[in-house]
Structure formats: structure tokens, C-alpha cells
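Common to both upcoming complexes is chain A, partnered first by chain B, then by chain C.
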Partner chain A sequence: MLRLFPILTLVFMVGPVTAGLIGTFLPSFGILPALGGDGASLDPWRALLAQPGLWQSVRLSLFNGLAATAISVAIVMLFCAAWQGTRIFRAVQRLLSPILSVPHATAAFGLAFLIAPSGWMARLVAPFMGWDRPPELAILHDPLGIAMVIGLVTKEIPFLFLMTLAALPQADTERTAQVTASLGYGRITGWFKATLPRIYPQIRLPVLAVLAYSTSVVDVAIILGPTTPAPLAVRILGWLSDPDLAKRFMASSGAVLQLALVLIAMAVWLSAEKIIGVLGRRAMVDGRRLAHDGWLRHVGAGLAIIAVGAVILGLVVLFMWSIAGFWAFPDILPRNFSLRLWGREFGALGDSLLVTLMIGVPSVLIAVALVLGCLENEVRRGLRRHKAVMWLIYLPLLVPQISFMFGLQVFFTLIGLERTLTSVVLVHLVFVLPYVFLSLSDPFRALDPRYGQTALCLGASPTRVFWQVRLPLLTRAVLTAMAVGLAVTVGQYLPTLLIGAGRFATVTTEAVALAAGGDRRMIGIYGLLQMLLPFAGFAFALLIPAVVFAKRRGMGGMGDRGGNNAT
Partner chain B sequence: MRSKMRRFVSAVAVAAGLATTSIAVPAFADPAPDVGNWQSVLDQARGQTVYWHAWGGEPRINEYIDWAGGQLLERYGVNVVQVKLTDTADAVSKVLSEKTAGVDDGGAVDMIWINGENFAAMKRNNLLFGPWVEDAPNFDYVDVKGKPTVVNDFTVPTVGLEAPWGMAQVSFYYDTAKLDSVPKSAQALLEWLAKHPGRFTYPQPPNYMGSTFLKQILTELVDDPKVLQQPADEVDAKKVLAPLWGYLDDLQPLLWRNGQAYPQNGAAMRTLLADNAVDIAFSFSSGEVSSAIDAFELPDTVRSYVFDHGTLGNTNFVAIPYNASAKAGAMVLANFLMSPEAQLRKQDPKYWGSDTVLAMDKLPSDMQKAFADLDLGVASLSPSERGTVLPEPHPSWMSLVEEQWQKRYGVAQ
Partner chain C sequence: MKDSMTTSQTPEASKSQHAQHAQHAQHGQDGLELCDIAIRLGDRVLVDLDLVIAPGEIVTLMGPSGSGKSSLLGHICGTLPAAFDVQGAVRLNGRVLDGLAPQDRHVGILFQDDLLFPHLSVGGNLAFALPASIKGRAERKARIDNALESAGLAEFADRDPATLSGGQRARVALMRVLLSQPGALLLDEPFSKLDSDLRDQIKSFVFDLARQNHLPTLMVTHDPEDAQAAHGRVISLD
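Presenting the complex of A and B:
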């Protein structure tokens, strides 16, 4: 029975991706009978290659994806190297969950409202510069996509930071740091030479997921990215929604090209890893201490704080817009405030929250059950996690959504499941599973096996050990995984819309639909509302163990935090 | 490792097997309504749920749709659910993907708010149900004579496949607190912009509003506008479009951000005007501008105007896909939307502010009076201020102009 869990989990994750990719691949070679595409042909590819500016779009996707990933990784590594084990490190750590619960689009809008030529920063300096109209600066939608890269970096840093935090304990970093320090290495140098090589293999897959995401991102690219031309994924979406239905063929070719692009980006990244590895090996043993790295430490802290601060400040500006009356440039504050729009939207909010939970709760529960089953199976049968399996778990995060979602829509229609709650939950599960797995697997594997062994010796059955020993010990980890999973399902736009045929109006689909109207007040309101559920989820994940286990140190109550610090 | 690999392969095989076998069973087969017999349509509609796919970017419009849904439930026992779209083409896409999968009955989309290219594409691909519109009782009130676009959607005859819902006409707007005089023709706009570089832009085609601006210019500059009523491939399109490209070659460098970036849609353009980044913007409905003032999006000193030689106007419609699950319900809804009562509320800027498709002289006198008594809002143009309504070109022109625009200006540098 338990053996079924890994198979089921894989089917749920890999099945939809594969089916979707087939549904995209066939039309890209002219096969789509409903539109009269019956025979294999290369015409869609010819049409795609003839698109003006195609190579510029490709270049933008590739370079921006690589740049955003490289910058995020660099900042996270630098920050960890410079500040691990300090107070500022823990402070940033504490801000992590709330920031992770900010959806990408919300963070991007916040950033846009902050840095646009008519944004809040420009308003702050306007009196000194004598601006009475927004400066003619190409800050947003700049041709090189710098704004887009910044937007991606601010949101990827928290994710990579979280993944690094999970990896740190396994590398015995505290003692490594003591050893390198006693040998006279600078903090950063010591970390890069002794800790990084042990950490990096563990965060490689999350890094590649970030790379795949950044190379194929749609929402952030629309809000912040260049438009003449836009990155490839945005243009594919445009072709897919072109009234000229013949463009669907070309869009499918584009989606296949997008997949290839992600693979190329990964190949580039992995080659760069190799090169840095070779160079790094030499540097590792060259004995240079580089002890005077104080300035670099401050650069690391500065960059991390700017990234985190940009998200928080962006949220503040979003909130100000959500209650603003008419707000002219260059006024720093609106002339008057109004809660009228909030009042109106709050009335309609209940339904969409309910629908969001209706989809989110089953997805998260199924995902957690499957992942626990897989992990328990692993523990009982003494299996070691295999590299290939980890790649499969990451598959839904490595394949661009736009490359398989439209094919998947056809697939669900074929099996008669389209626009049912089942199919929407299934498609959410594809994206929830990997994150739940990532978030739960480390704590599960890190659990001291002696608890289980003791219980077994006392005569408990393996099932009882799971329910009465392992699961209670993992309460906090399970709740955190649920919160992560909930944040993922709440954020899904394209899958909810396409697979649910628009019949499942979640907070996010409502937000995106209203954002199409372009009113900054509505964007502010829905951007903040979108955060509500994930934020509540993370808060509960912290509060429940604190309350339930208030009197048990080390059981995930607040007690163990103090315990850690005391040692 | 090997056994895991085998497991993976079998999982993929299961998925792929499912992908190629169709086991689709239409969930709710709905017999085609007897369109000639309205009472039978009403009977069939009772108890149905109509999923109406409509752009959802404007809270006021969503509220109006919500109101119409409430009325329908009360009067005819029909449930209405708005599926809020960011782009009408998403609904077209949905119907298409169902046709791909062989779902010819019990489809997800019961009604679409539609016009222009989307309608032309659906009609061409036989994705629409009908004809049914002329059998809807309230169609009798529609102003077919005075507003020929109610049966010709971008010159394409609607042949009873879509019901007219609202009128739209391009109008420009500006802040009277900042500008004293405004350019009222294509040529005047170019001259004005030469003096005020960077103070105007248009949404990036193929956005609907951006393409509309190009068509407006084209209609004004072309020697004989009648040629635009024919499909582009039947005439010397290159010659027809030459004046447009000549004009744009001069205009582009003078645009906001030198034409290196564009607002993505009409709403983004409105934001630019609100931020004083441009001086003139345009919309498809002057009532919308009044609404925007009311929602604090624009200063209350903004006013609308039209070009001296007229501006493009068209009609928007509702249509029923060929595989809709609730065709009778959708027909009853469409019929209600054409009723004097629903149209009156729609024209009232308190609720929406979109022009009626009805002929005043066909209405009962109390309704005529109600329409005449409407307060249209500060930035709305009354019918007498609107000047000539220019007809939309055939949809093929829009496709051609968008495609060439993308080649010429869509790739900066």
C-alpha cells in the first residue's frame, strides 16, 4: 500500500506535464484537426521564424533569465557568507515567510509603483529636481529589461534564501566557520571556500527552478518588462489570444521554442558551474585569507536589505494607492483618501475566498498526504533519495507553464474532466506537490531515527509509530509545508483559468481580471487581498505549534527557538 | 534505479495513453432551442445557468452584469454567472479547444461579449450558434436603420449570430486645466505634437485601442474611405496604406518615450494622462471618462472631444457559441440586455455610461422620456457633440495594419 505513494505522486506530477507537452508539440507541427491542421508540416515554425524581432525576444528571455538567477544566487550566497549566525541574519530570516507569501505579480506591481517615472521615488525627489511631470526616463518597460530583472531578483532572493537555510544545517556550517576563522580566513572567504562547495549541490535544483521560471515568466514580464519586443513567453501568450485562430499553430511552435530556451539556459548555467568549479578548486587551496572583507559584508547586507525593503515598501505604496482619492503627480500623498472601493470589493470578497479555499485545501491535503506517504515509505524501506527522482519532482517547476498548460487543457477536455473541481485540484496539485515535497522532505529526513526505533522496541506497530511519534514531532514542519502549498495554490492564475474554464473565480483570477482595467486602486486592493490567505497560512503554521506545544520544549513550540540560541 | 525508471516510463505511458483516447461524454446535452417559438425558448431556459464570458476589468461593468443576472433569475428563473476575462480571445480560445477535443455539445461558454476580429474569426470557423437574434422580441427596438453597425460588425454582416448590446465611438480627452486648445484632426495632431514632443502616445498594437487609433488615422488619410469597406486582399493594399505609414514615420519619433515603449492598453494610457505624462488620450466611450473621474482615476477637469471629420464608431455584441450548454438561457439573457429598461440603465453613467443600440422613435413614450432625462456625466459627449461616426474598416485591414506595424515599429532600435 505504502509503495503506491511514490508511483501516485509521480503520476500526478509527471502525467499532466507530459500530456500537456504532447498537446503543445503536435500543433507545433501543424496537427490540430479542429482548425483543419491534419498533416504534419513545418509551416508553424516558418511562421514563427518570420516574426519580426523574434531573436530579440529570445535574447531577452535568455539573458534576463540568466541575469536574474545569477544576481539572486550571488546576493543570497554573499549574504549568507557574510552574516550567517548573526543577529541581522536572523532578522532577515524572520521576514522570510511574510515576503514569500507575496505573490510575484503583487511584488512586481509594488515595485512598479515605486520606481516608475511617476512612481513614489520620483515623487520624493520631484520637489528638488523641479519636476511637475514625470521625467522622461525609460525606467519601466526599458528595452534591456533591467526593471524586469530587478523585479525577479527581489522575489527570487527570499525563495533561494529559504532553500539555502534548509541546506545549511546539513553542512555543519557553524563549526566550519569557527575552523576557517581560527585559520585566519575572512568570514566571506572562509564561507566561500569551505561551506559553499557543500551547500551548492543541495540548492542546485531550486536554482534551476528559478532559472526556468525567470526565463519563461509572464506576469512579471508584462508588468515590468520590455514591450518592443517583449520576451518570448509574453509574445506566445499574445499569439494564443489572437483572434486569428491560425496563430495557434505558431504559438505552439513558440511554446516548444520556449521549452528549448529553458533547456539552453540550464545548459549554459551548468557549464558555468563547471568552469567556476574548476577555477574555484584552484582558489580554494591557494591559501589567500582575504581577512579584510568588512566592506564586502556591508555590500552583502545592503543588497539583501534593499531587495527585502523594495518588496515591503512596494506593499506600502500599494496600500496607499488602494485608499487614494485622486493622486496627482508629483504629490507625495494623495489629496484625499477613500475607503469606498475597499468597501465595495470586500462585499464580493467572500465568494472568491471560499472558492480559493475549495481548491486550495484539497490540493494541499492530498499533496501533504502523498508526500508523507513517500517519505514514510522511504524511511521504512531504508531507501536513499535518488538524484533522478529529485529531477522528476522538480519537473513541473522546470518546464515552462506556458509550454504545457494549453495542451493540458485539451487533455482534460478529452477525458471529460474539464472545468470540474477535480481537474482544477489536479492541476494545482502538479505545482503544489514539488513545493510541499521540498519543504517537508528535509525535516522528515532530519528527524532523529532513534525516536521511531525506541517506539518500535516498545512494541508499537510501524503505523502507530508514524501516527503517534513521527507525525506529532513533525507538526510544525507539516504546517509550514501546508502554508507553502497554500501560497502556491492561491497564486495559480493560468491553470485555474484554463482548466477551470473560468468557472472558479479565485482571489487571483479576480485580481488579474480587475488589473486588466488598469486602475491602480484596484490593483492595490487585490494585490493585498491576494496575500491574505498565504499570510494567514504562514501565521497559523507559526501559531498552532506555539499554542499546542506551549509546554513542550523542542516540539516546535516557541521553546525550541530559545533552545537553539542558548546552545 | 532500473525499477524506478520502469515505474516512471509506465506512468508516462498511462498519461500518454489517456491523452490519445477520447472518452469524452458531453455532460449536459442541450437540444437546440426552437428559436422561432419564443415561449418555448423561455420554457427551456428556466432553470439553466448561463456562463457569460465577458471582459472583467471594470468593476462598474461587472456590477451591471451582476444586476442583469439578478433580474434574469427573478423574471425568467435563469442563473447568470459572469466569467471575468482579461481578453475576449480567451473565450474564443476555450471554444476552439473544445472543438479540438470533439466537445460539440455541453461546452463551457454560453455567451461571449464580442465584436470585430473575434466575431469574424468565430464566424469564419463556424464556432457560433444561430441565426437567432432577429427572433428575440426586443430586437424590434434596435435602431437598424439609424445605426447600421448593429447588423454589420466591422463591415461583416452579423446574419443573426450576435445581438447588439452597446454603441461605442472613439473620443479623445484632455485635462482642461492644462490645455487650452486641442488638435482636432490627424494632421493637426502631428503639428501639435511637433510643438509638444512626447506628450501623446497610443496603446501598443495589436491592443484593440492602439489598432483603433491606427484605423482612425488611416480612415482620415486615405483618398477614398470606401475602399476600406472591402477586404484588404481585394484592392491594392500597399497603395491604400502608404499615407498611414508616411504619417507614422513622422509621428513615431515624437511620441512619448520616442515610441520605444507604449502603454499596454487604454487603461494604462489613462494612467499616463492622470500622471501628467501625456496631454491627450482617447477612449471608446466618453461615458467611461466620466466614470474614471468618479473613481478618482482622472482629475475632474478632464473633458472629451471628437475630431472635426468624425471618429470611428462600432457596436459591441453578445454571441452564443455553437456548443453552448445553455443556449435558450443565453438567448433570454441577450433579449433582456436589448430591452429598453436594461439599455436605459446601461446608458446611465451612474451605473455604466455606455450608449444604447435602440431607436428612440421605436420606444414607448415613457421610455423615450427616461432616456432624454438621463444626466450623462461631466466628461460625456451628448449625441449632438459627437459629430460624424465613421465606419470601421473591414477586419482584414486591422490584421494587415497590425502585422505591418509590428514589422515597422514593433521592434525598436
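Presenting the complex of A and C:
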């Protein structure tokens, strides 16, 4: 029975991706009997190539994806190199979970409210510049996509930081830093020469996931990205939503092109890695120490704090708009506050929260059960994790969502599940599973195996050991994984929209839909509403173990990742 | 989540097993028999040993770390990973242990850490070990209170294990093993993490109880003082 869990997990994770890719690939060559596409043809591709500004869209996606990834990785590496093991490092570490739980769309809205010509930052400098109306600058939706890149960077930094933190202990970094320092190396140089080469292999997959995401993102692009033309993924969504069903064929070709684009971006990235590797190996032994790197350390801290601060400040401004009465430019604060809009929207807010939970709760529960089953199976059968498994876990995060969502829609229609709650839960599961697995596997494997052995030797059955020993010891880790999973399902835009065919109005689909309208008060309300569930999830993950194990000191100071050891 | 190995057992099953094991005892030899045990990892022979430990006897196995002492204990209680290649047979009071699940072997083990479950109270830890065949809340509580009293820890049942001293925790860990009614006791460097002033006291506590309960006891250690304190046979692995 337990052996079925890894298979089921794989089916739920890889199955929809495969079915979706096939279901996208065939229509891109004209094959989709349901819409009258009976024979193979290149017409969809001809139509796609005839789209005005196609190459501009392609270029935007490719360059912005690579740029956002490179900048995020650079900032995270610089910050870790400069500040690992210090107080500021631990302070940023503590802010991680709450910031990670902010959905992409919320962060993007917050950033928009900060940097828009009529945004909060312009209001701050307005008195000095003598502005009495918003400057005429195309800051949001700028044709180069700079705002979009910044938006992506602020949200990718926390994710990459978390992944780097998980890799650090394996390289014995604290002592490595002592050794390089005693040899006269500056902090940053020592870290880049002695630590980075050892941890990079472990963060390569997360980096590629960030690259795939940034190259094919839809929601952030709608909120911050260029519009004439938009990046490729946004245009594909437009064609998929077109009332003219014939456009679906061209959209499929676009989706295949998007997949190719992500693969090209990965190839570029991996080649750059190789080149940097060759140059780096030479630099590693050239003896240059850059002992006085104080200024660079401050740059690193500055960039990380700006990125984190932008998300937090963005949330504050979202909140202010949601309760703002009259708020003219260039006032820094609204003239008055009002809860009128919250009151008016109250019913609608409750409905979208309910829909979000209806999708999220089953996805998270199924995901946690499957992942626990996989990990328990691993422990009981003494299996070691194979390297290829990590690629499979990352697969849903490496394939662009837009490239398999349409095909998956077709597939669900074929098996009669189109537009049902089941299909939406299943598609959310595809993305919740990898994150729950990543979040739970480390603490599970770090649990001292002798607890289990002791319990077995005391006569407890393996089933009892799981329910009465391992699971309680991992309470905090399991709850944290649930919170992570919930944050992931709440943030899903494209899958909810396309697989649900608009029938499921979650807080995120509602919020992104408001982007075009530009009603700041409504955006403020829905942006905050998106935050509510992930935040509550993480709060419960902290509170429940604290209350349940209030009288068990050994269950307290187990660190953020929970349950490592109790002695 | 149902267990694939279907190893969970009802109290009845465990009772009948006890009965069987009593029968076997008449035919086979009492105590813990390790018949021509050879443990290999790859091409390396870690342990090669033939040994019988009588009830109440304490045998010490000495050897440097990495010599496979702990692997031998793992093999006896059935938790050794499959990567090891093991030959020979293990019998406890005439019953062959090889092939049995760990929970069906009735072999207790103490590690150098007490490994008290941090989510349970002291009493909860002991109740976890007490077989389900001992029924009735009052009866179970009495057994636990008795055990605590004999360890000099009366009134400790509701305490959080994390609030106990190292010596107290070590005693609770031993009582936990004894309450599970083992047929043999394995000690994996059980004293190495204790403060030196406590060590002698805990040693005699463990050894005395092992003898009183007529448990064949196998201790692995690299500390010659442990071996001396055990007053038993000493076998060197190297």
C-alpha cells in the first residue's frame, strides 16, 4: 500500500504536465478534432508568425526572463557571501517566510503602487521636484519591461535565498569562512571562491525554475509588463481567451514556441554557467583576496534590503489605498479614511475566499498525505533518494504553465472533467506537490532515525511509529509544509483561470482581473485579501505547535525547519 | 495509512507469540545466541563472531569506532539497512529472530542518547513501551508508577522529559526498555554522554536491573571502564 504513494505522486505531478504538453503540441499542428482540426497542417504556425510584433514579444520574454534571474541570483549570492553568519543575515532570514507567502500578484500590485508616476515614491519626491501632478513617465508597463523585471526580482530573491539557506549547511560554510578569513581573504571573495562552488549544484534546479517562471510569467506581466506588445505568454493567454475558437490553434503554436523559449533560456543560462565555471576555476587559485570589501558588502545588504523593503512597503501602500477616502496627488497620506468599500465588498470577498479555500484545502491535504507517504516509504524501505528524482519533482516548475494549460484543458474535456472543481484541484496539486515535497523532505530526513528504531524495539508496529512518533515529532514541519502549499494554491492565476474556465473566482483571479480597471481602492482590497490566507497559514503553523506542545520544552527550540533533534 | 508489511499485531497475537516462545525455550538454549555471525559491507568484513550470552550475563564488545559494533546490534534488533550482507543466525531463548520484524523480536536497545520522545510526558514515554496486552487504565498506571518508583523517580509521570537531568533521563530510558518486556538487552555506548560523576551510578543501575531481570545483555563500547564495571566477559573486535 505504502509503495503506491511514490507512484501516485508521480502520476499526479508528471501526468498532467505530459497530457497537457501533448494536448498543446497536437493542435499546434492543426490536430484538434473537437474544433474541426482533423489533419496535420502548418497553418497555426503561419498564423502565429504573421502576428504583428511577435519577435518583439519573444525578445521581451527571453531577455527579461534571463535578466530577472541573473539579477536575483546575483543579489542573493552577494548577500549570502557578504553577511552569512551575522545578525543582519538572521534578521533577513526571519522575514523570509512571511515575504515568501506574499503571492506574486500582490507583490506586483504593491510595487506598482510604489513606483507608478502617481505612486508613493513620486509623492515623496514631489515637493522637491515641484510636481503638482504625476510626472509623465512611462514607469509602469514600460516598453522595455524594466518594471516587470524589478517585480520579478523582488519576489524571486526570497525564494532563492531560502533554497540557498537549505544548501549552506552541506558545505560546512561557517568553518570555511573562518579558514578563508584566516588566509587573508575578504568575506565576499572567500565565499565566492570556497563556498559557492560547493553549494551551486544544489541550487541549480531552483534557479532554473526561477528562469522558467520569469520567462513565461503571466500575472506579473499583466500588472507591470509592457503592453504593446506584451511578452509572449500574455499574448498567448489573450488568444486562448478569444471568442474566435479558431485562434486556439495559433495559441497552441504560441505555447509550443513559449516552451522552446524557456529551453533556449535554460541553454543560455547553462552555457553561461560553464563559461563562468572555467573562468572561476582560474580565479579561484590566482590568490587575489580582495581583503577590503566593506563597500561591496554594503551594496549587497542595500540591495537585499531594498528588495525586501519594496515588498513590505508595497503591502503598506496597498493597505492604505484599501481604506483611503480622498487621496490626491501629491499627498503622502489620504485626507481621510473609510471602510465603506470593505463594507460594500464584504459579501463578495467572503465568496472568493470560500472558493479559494474550496480549491486550496483539498489540494494541500492530498499533497501532504502523498508526500508523507513517499517519505515514510523511503524510511521504511531504507531507500536513498536518486538524483533523477529531484528533476521529476521540479518538472512542473520547469515547464511553463501556459505551455501545457491549454492541452490540459483539452485533456480534462476528453475525460469529462472540464470546468469541475476536481479538475481545478488536480491542476493546483501539480504545483503544490513539488513545494510541499521540498518543504517537508529535509526535516523528515533529518529526524534522528534512532527514534524510529527505539520505538520499533519497544514493540511498536511501523504504523504506530509513524502516527505516534514520527508525525508528532514533525508537527511543526508538517504544518509549515501545509502553509507553503496553501500559499502556492492561493497564488495560482493561470491554472485557475484556464482549467476552471472562469468558473472559479479566487482572490487571485479577481485581483488580477482588476489590474486593467485601475481602481486602486479595489486593487488594494483584493491585493490584501490574497495575503490573508497564506499569512493565516503561516501564523497557524507557528501557533499550533506552540500551544499543543506548550509543556514540552524539547518540542520548542527546534529551529524554523522543525523536528531536527530534541536532545 | 496501512502498513504494507502488515506487521502490526493484536494483543492476542503477541500473547500467542509469548506462548510459542516459552515452548521453544524448552527445546533450544536459553539466552541470546549469535551463531557464526558475519557482517559484510561491500568486500569489507565488519564483524565475524560466534557467541552465546546466558540470561543475566553481560558481555562487552570492545572495538574502535567503525569496527561494526553498532551494525551487529542493528542486526540483532532487525534495523540494519539492507546494504549490509549478513550471514549466520540469531536466536533468543531458542527462537530464531532472523526474518522477524523489529517489533516482533522483543529485543530492547539503549543508545548513547536517551531518545525519550520529546512530545510525550515521562509517563507517556513509559506507557508507549508498555504492551497493549496489559489492559485497564489503573493497571497500566500502576505499572508505570512502580517502574518510576523503582528508579527513584516517583511522582515524575507528568513531567516533561526535557526538564529532567541527564541521569534522570537515562534512568527513564532504561525503565522504558524494561517495561516493553524484552527478552534481551542491547547497550550501544549507553554511558558515553553522561557526566563522569553520574556515570558509575547509572552503570550499576543498568547492570543490576539487567541481571535482576535475567536479561542476556550485550554492550558495545570503546571505554575499558565500562567493560570493567560490567564484570563479565570482554570480547575485542579489531
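Odds and ends about this structure:
To be clear about the criterion, the second predicted complex is superposed on the first by the 538 of 567 C-alpha atoms of A that agree within 3 Å, B and C clash if a C-alpha of one lies under 4 Å from a C-alpha of the other, contacts with A are read in each partner's own complex, and residues count from 1 in each chain.
One rule holds in what follows: contacts are C-beta pairs under 8 Å (C-beta built on N, C-alpha and C of every residue); 3 or more make two chains touch, one makes a residue touch a chain.
From a predicted model like this one, the values you see are computed outputs, not experimental measurements.
In the superposed model, A:49 lies in contact with neither chain B nor chain C. In the overlay built on the shared chain, the residue A:501 is in contact with chain B alone; chain C does not reach it.
In the superposition on chain A, A:270 makes contact with neither chain B nor chain C.
A simple residue count on chain A separates chain B from chain C, and the partner touching more is B. Residue contacts after overlaying the shared chain place A:133 against chain B, while chain C stays out of touching range.
By the touch criterion stated above, A:514 is placed in contact with chain B alone, chain C being left untouched.
By the touch criterion stated above, A:416 is placed in contact with chain B alone, chain C being left untouched.
On chain A, the surface touched by chain B in one complex and the surface touched by chain C in the other have no residue in common. Of all residues in chain C, only 1-5, 7-9, 14, 74, 77-79, 81-83, 101-103, 105-109, 111, 113-119, 121, 128-129, 131, 160-163, 176-177, 180-182 touch chain A in the complex they form.
On the chain A side of its complex with chain C, the touching residues are 1-3, 372-373, 376, 380, 382, 448, 450-451, 453-464, 466-469, 472-473, 475, 549, 551-555, 566-567.
Across the complex, chain B meets chain A through its residues 1, 4-5, 7-8, 11-12, 14-16, 18-19, 21-25, 27, 51, 53, 55-59, 81, 83-87, 89-94, 96-103, 108-109, 116-118, 120-121, 125, 198, 204, 206, 256-257, 260-262, 264-268, 270-272, 274-277, 295-300, 399, 406-407, 409-413. Those residues of chain A lying in contact with chain B across their complex are 6-7, 10-11, 14-16, 18-19, 22-23, 32-35, 52-53, 56, 117-118, 132-134, 136, 138, 140-143, 222, 226-229, 238, 240-245, 248, 324-329, 338, 341, 344-345, 386, 388-389, 392, 406, 409-411, 413-416, 418-419, 497, 501-503, 505, 509-510, 512-522.
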